[in-house]
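Read from first to last, the chains carry the letters A, B, C and D; within each, the first residue is number 1.
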Amino acid sequence: MTELNLEACRRIVQAALAKGVAIGCAPMSAAVLDAGGNVIAFERADDTPPGRFEVARAKAYGAVMLHKGGRAQEALAEARPQVATALGGAFDGKFFPLKGGVLVRNAAGRVLGAVGVTGDSPDNDEACAVAGVEAVEGLVAEP
Amino acid sequence: MTELNLEACRRIVQAALAKGVAIGCAPMSAAVLDAGGNVIAFERADDTPPGRFEVARAKAYGAVMLHKGGRAQEALAEARPQVATALGGAFDGKFFPLKGGVLVRNAAGRVLGAVGVTGDSPDNDEACAVAGVEAVEGLVAEP
Amino acid sequence: MTELNLEACRRIVQAALAKGVAIGCAPMSAAVLDAGGNVIAFERADDTPPGRFEVARAKAYGAVMLHKGGRAQEALAEARPQVATALGGAFDGKFFPLKGGVLVRNAAGRVLGAVGVTGDSPDNDEACAVAGVEAVEGLVAEP
Amino acid sequence: MTELNLEACRRIVQAALAKGVAIGCAPMSAAVLDAGGNVIAFERADDTPPGRFEVARAKAYGAVMLHKGGRAQEALAEARPQVATALGGAFDGKFFPLKGGVLVRNAAGRVLGAVGVTGDSPDNDEACAVAGVEAVEGLVAEP
């Protein structure tokens, strides 16, 4: 795969939401962005608060814009909180340095986009995002 | 139905995209928003320009925020362009007074949300949005 | 070419500015964006007003986000001014429906990005943008 | 020199990117702003994440707006994080208090603009920005 198509994105989103159900999480929401940071697909599960799109997109957007997964962003934000604040400003609020933002690469290592998942703890959000990416053959998740 | 659930939103989005294929449109994108204007689901078809999310959401957002479908918004914008400009400002750019934004009501007339579709001509966008809403039993489309 | 590299973007920018000098225009400015709408290169000539970056980027951004060159955007804006206003809102001000925004495709027709040029009349801006794109072998300008 | 011209800015940008290559950094991006905070030139190297323009400009913008290099901004942000947050808001997100933003003065001490470089560690970003400024005779870098 050289870029994410809608069929792949649907599977990512639905596998991420299904993983949340399987491991007993609160209802999940997931966004998939292309390599330029533009939204391809999003779903918010039933019985979730309304603000999920903004958080899910922000987790994925920061990952794409920096080519860094949520863990690396979280480490950066803990080491240098003022940099995290500055990135939030530079990216107009579309930055969320927490587990749950996962970079999507193809087998050759090329960045195809990112997934952002939110709904439960950061660890569970990340597990669901990774499960989503791994549901599509040939994609590699970088949490 | 008293509020849109994800299953209904998936059917709306997928029926809207399928309608576009069926009537020979350019590839479509569709967003569904709840009664509070917050995104529940979005999909962008393959081979579309990257800016589809912003337009699809804006079409649906204006519909929900004003309880007016795209046609009524378009008529308003033609009669009073300065009001349309002001609404764009008031809604922070999430306003798109054109066919393709369709209000979603239940059988009792209650507003449950809105759909925004973009990809082809305004008339075709509207036809796809209406087809999406009508794919779910009990929902009424107000274009 | 499957995506714009910096060497190509430098040639586009410099050829656009040189074209302006060659045809006797006021000093030019040019921005090149990738297929996701993100800036790769920009230059503002000497003796220009300071606001050139925002205009040049906006011309290119609208082209990439809609897959429409400046002429098509201008025609849209003339036919339906309220749609142009709405697009400006949806794209957060990064929309400038005027000649001078030129889509960049490769020989196979794939959109690689866009160029936005500003400094003189819309016709001259467009001529410079096209000259920039055509300075790179294998690129096709869609004004 | 009493103000930055495009030729000087090109040399700054290209020398900054070349310095990164010379010292083995990840690919660099560099923006040059004039004394009013407006962009004159920007380049993003190949194989970089797409969000570089926003960060590079923000580093330079804060330097110009405050007449403080990145080091001084970083010290301020560490001593008074809430001031850094406020500056990010006041400058609409165009503030990045980290090494890599370098003020550009002429020999007489007059501020002519600033350079913002991003791509590797803050120390390396700063080294590249300084190398860029020092590539132009008569310019003094204030990191």
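Rule of thumb we're sticking to: a residue touches a chain if its C-beta (ideal position, glycine included) is under 8 Å from a C-beta of that chain, and two chains touch if they have at least 3 such contacts.
None of these values were measured; they are calculated from a predicted model.
Listing every chain that touches chain A and chain C alike gives B, D.
Considering every other chain in turn, the ones in contact with both chain C and chain D prove to be A.
In the CA-based superposition of chain B onto chain C, the rotation angle is 90 degrees, rounded to steps of 5.
Computed centre separation for the pair chain A/chain D is 30 angstrom, with centres defined by C-alpha atoms. Taking each chain's centre as the average of its CA atoms, chain A and chain B sit 25 Å apart.
Rounded to a whole number, the gap between the C-alpha centres of chain B and chain D is 43 angstrom. For chain B, residues that reach two or more other chains under the stated contact definition are 50-51. Interface note: chains touch in the pairs A-B, A-C, A-D, B-C, C-D. Residues 34-38, 92 of chain C touch chain A in their complex. Taken in their complex, chain A has these residues touching chain D: 35-37, 64-68, 80-83, 85-92, 111. Partner chain C is touched in their complex by these residues of chain B: 49-51, 54-55, 57-58, 74, 77-78, 81, 84-85, 88-89, 91-98.
If you check the complex, the residues on chain A that touch chain B are 5-6, 9-10, 34, 36, 38-46, 50-53.
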